[in-house]
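Chain naming follows the written order as A, B, C, D and E, and within any one chain the residues start at number 1.
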């Protein structure tokens, strides 16, 4: 469990990126911070592994005040995945995955074995092990990033727009992969995105943020969609609103669903085949 | 072109390959000045450059220093030090080395600090968030990635030092400059050309060796980036860049 | 210091001579190097050759080149042209590489899009490529300017008076003050030249400053310009 | 060949060799000619004889002070003239067409071989003729071109019979200046070629070795001029100077130039002209 | 109307980017080329303004074979918008928009006026007119790109993934803006994307491409969605398939629609409020 308690961050240049932010992030579920650019999502995330130190308030991980923990050691037990994968370009895939275990003194051979196993976990062909990051596609790079984040078997995994830079098809694949992995591993994942669609897909708990890290609404996707807390949330999911106000038409003899913008949303199946959402 | 024929004849004349004024001696002296200079300058400039590149501190200082050092006239500095130290020609090596070090520092410093700064900030950020210490970030991430640029700095420095070490002869040291400085007052063009040719050949050989080193030390992953056309156009944020700004 | 004051007139006239000897190589070097650099950038086959030749040029000891000039050019022995041509060659050697990098650094997207909106090749060069290569060209030019001003002092060894005279003369007289005066003078000229170029850059490339602030320019090319 | 510096026949372009004394004398010439309404153009620090003779030939300069003996050897290295008068006479013949020498002055400044007092006493050496008899390696210091001159190390062997293998040469590019002096003092060399009018010889108590065989020719100062420019007026002015210039003058002028006063050639020339009440 | 008739393009390195491609692009509607990376979309688009010349076949614009037209002139009458906006970084926004008119000889003042008016059209504040592109956000830059594409009031507008690089919220806004503009101006737009979602939203006619520019299916979005031509199309719209296989559930008393992945797709409105799509 991670708790933010009245946390603020004012950068040296005066920007108040986060203002008195409090929340509890339950263990073994996925919490998504969503908000537009500059709302403080990254800052919040980076405070968890002390890449950024708050200027006010306390952050606790399972009751340890993290400001009392040694940053380097703390970071080594928290997985971190970022948008541009942040892989070391001069190391092969397998070495990238094994970086942190090696830093922590795991034997080379062992670390390599573990890394190869992790490649399986994230759905990467072991044949890619000896390639360099630049020889992979964007989607593959992100998978390596996720594998690296998992390499130390952390309880906590921080993900900062990990799929923001890959094309929509691949992104969708990666999202499914993450859902699958999370079903198996059940980490405490804190996920940052500005894509409300992605937030609703991945989040058990979704935190909608306004500028300054102010919380507009916290809840499950269904709760938020059914009852937007205020106008801001309403507007924020507005781009979705049109698309989520659906109605039924008939084309070519099939029942199709169109959204508020008139766009085709999909084709209606018989209610019997309904599938239930995990979590 | 007759001059070139004469110069080659001179060079291949076996009598010029022996004795204290022989080509091997002069070459060895020249190499020695170059080596001493480059080693000293590298230690100073690369250490400084890595520090500046890693911390981002004193960048303005580095920019200023490289600019100012570049503006220092080699000849002036050389005779100034020679006269100032009043050491006569017995210790001529000292002012010579100082002057050459001054000459070698700007490219080395620029190469190393801009090399470190050209490393993608996100890579460094990722390394830090994985739990690397600052020292590990420097040695395991920044230095290997900056190495080609650092070596590039060494290359420029070596080229300049080899070409300029000729001035050592002006304050009566040896080296290939001897041929030039001795022949200059008597307008012995052949010998001047001999000096110039030997210096140029030496520079090329050294440069060739360094190019090979550079090829070998480009991290394989970085080489892959260079070779993939898609990435080639993405300029790195090597903002050290504005070095001259 | 008193020596300086007593000889201000001579120092000034040497300074003026120094400045005059510096300007031509800087300007000529730039004007000649840009087209050569563009050529090397445009036709990749020529690139290796051009850059190698420039590298070679740069390794020739300057003194040797200066004294060889009358033989090569058929000029008179004390003709300032000898020094000017030599320094121009060095300026070109330094500048061509930078110019090539400068054109390299111009975003291919921008070039494509300017072609797409209907720039012909000629206009595209003058209105798009050249101005966009500007910041890197300028960085290179500033390096060339500084090094040329410093190299002009070598003229003193072959009878071309500039501030280098103070070096040879002070050396023979065992007179550090005089030499130091020459050094300081040379550095000052270099600094003034640099400032002038800096302000010319500000005037001609107002957008580069903005770009600098947003950190978008092709930095790596400029690094090369500076490490050269 | 067009003479750029002297298209106006009343403009005389005066050069000076690459050392101070030459420059002082050249300044004397220049100021005197200017005082007589002749336009002059001054080009200092041209370099050594080989360079400025070429400069005279190609018209870069018209006039330069020179020294009789070395000049003779330059034009005719087989000449066997010995006395000052013989040398001057031979020189007038040897000077190529288009150039001429005007009257020579009494002032003389020649290369001279100097040793420290200590060396002189330990080895009993006061003359070049003594060198062949001692058993000490001779390290000669002097300008680089000395190595090629007939009166250089070669001359010591040919004229004074010093075994060539005993002589080594250290080039010092300061025309017998401070570095040469320093080298002699600290033992880097044990014989130094220093111009006879250099104040440091006396200051350091060096012993100038006698030259009974006239290895080093008399070196009277005289103007070497382009015949086209040698108008009667110019000749008259320059001859008047030569009539007054003495060796003592040279020593004094050099001392003021190199000693603490650091007087510049221009000022020295002015003082000398005023002193001699010329023009 | 633009017609491709058996058009092929083989690049000098041997890549066959487009193989015997034929299609008719009707005037005053939007045709979207969609396909994964490398399928030849950009190549097809660039053949229209002769940035790339086909190695086989003919392209006609309103019956003119474009290979007979002068490329520079042709380009000046076709608007072009690309992913990275391709703005000239050294010119201000208004100058960028006015670039093509100025090239074509329109008076400076006039061109500027027109450019400002276009900024209104694409929803850019005129206050931004004198900024440089680097001072704008990605979304604003794309708007400038669109404005520039419209500046010559072209009949044809080519757009190559114009919104690929901006974040999803902004992208959605830009898409809406483009729909609005197109409703007003009714240009012949050829739009390239690899986002099937975007293709279905913007295209009146959607062309799904396989490698080599081979056409997998052409049709309206509804036609394609209702009857995928083959397995390829089916797979290609596969990521969408799940999301478009909708079913109805009840949450918090409201009828919500969930998709095949179990994700909330939206909330069902009464069929009465159905809106019809502008075609």
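Criterion: contacts are C-beta pairs under 8 Å (C-beta built on N, C-alpha and C of every residue); 3 or more make two chains touch, one makes a residue touch a chain.
Since the model is a prediction, treat every value here as computed from it, not as a measurement.
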{"item": "Relative to chain B, chain with the most remote C-alpha centre", "value": "E"}
{"item": "Distance between chain centroids, defined by C-alpha means - chain D, chain E (Å)", "value": "86"}
{"item": "Distance from chain E to chain C - Cα centre to Cα centre, in angstrom", "value": "47"}
{"item": "Whole-Å gap between the CA centroids of chain B and chain D", "value": "41"}
{"item": "Geometric centre distance via CA averages, chain E-chain B, whole Å", "value": "52"}
{"item": "Residues of chain C touching at least two other chains", "value": "107, 109, 156-158, 168, 171, 174-175"}
{"item": "Interface hub residues of chain B, defined as touching at least two other chains", "value": "82-83, 181, 184, 187"}
{"item": "Multi-partner residues of chain E (each touching 2 or more other chains)", "value": "none"}
{"item": "Chain-to-chain touches, reported pairwise for every pair that qualifies", "value": "A-B, A-E, B-C, B-D, C-D, C-E"}
{"item": "Of all residues in chain C, those that touch chain B in their complex", "value": "55-56, 58-65, 67-68, 71, 105, 107-109, 139, 142-143, 146-147, 149-151, 153-154, 156-158, 163-164, 166-168, 170-171, 174-176, 179-180, 182-183, 186-187, 190-191, 194, 198, 212, 215, 217-228"}
{"item": "Chain B partner contacts - residues on chain A that touch it in the complex", "value": "46, 49, 51, 72-77, 80, 82, 84-92, 99-100, 103-104, 132-135, 148"}
{"item": "Parts of chain A lying in touch with chain E, wherever the complex brings them together", "value": "36-37, 164, 167-169, 172-173, 176, 194-195, 197, 200-201, 221-223, 225-227, 239-240, 243-249, 251-252, 254, 256-271, 273-278"}
{"item": "Partner chain C, residues of chain D touching it in the complex", "value": "4, 15, 18-20, 43-47, 51, 54-55, 58-61, 174-175, 177-178, 257-258, 262, 264, 266"}
{"item": "Contact footprint of chain D on chain B as seen in their complex", "value": "20, 82-83, 86-90, 169-172, 178, 181-182, 184-188"}
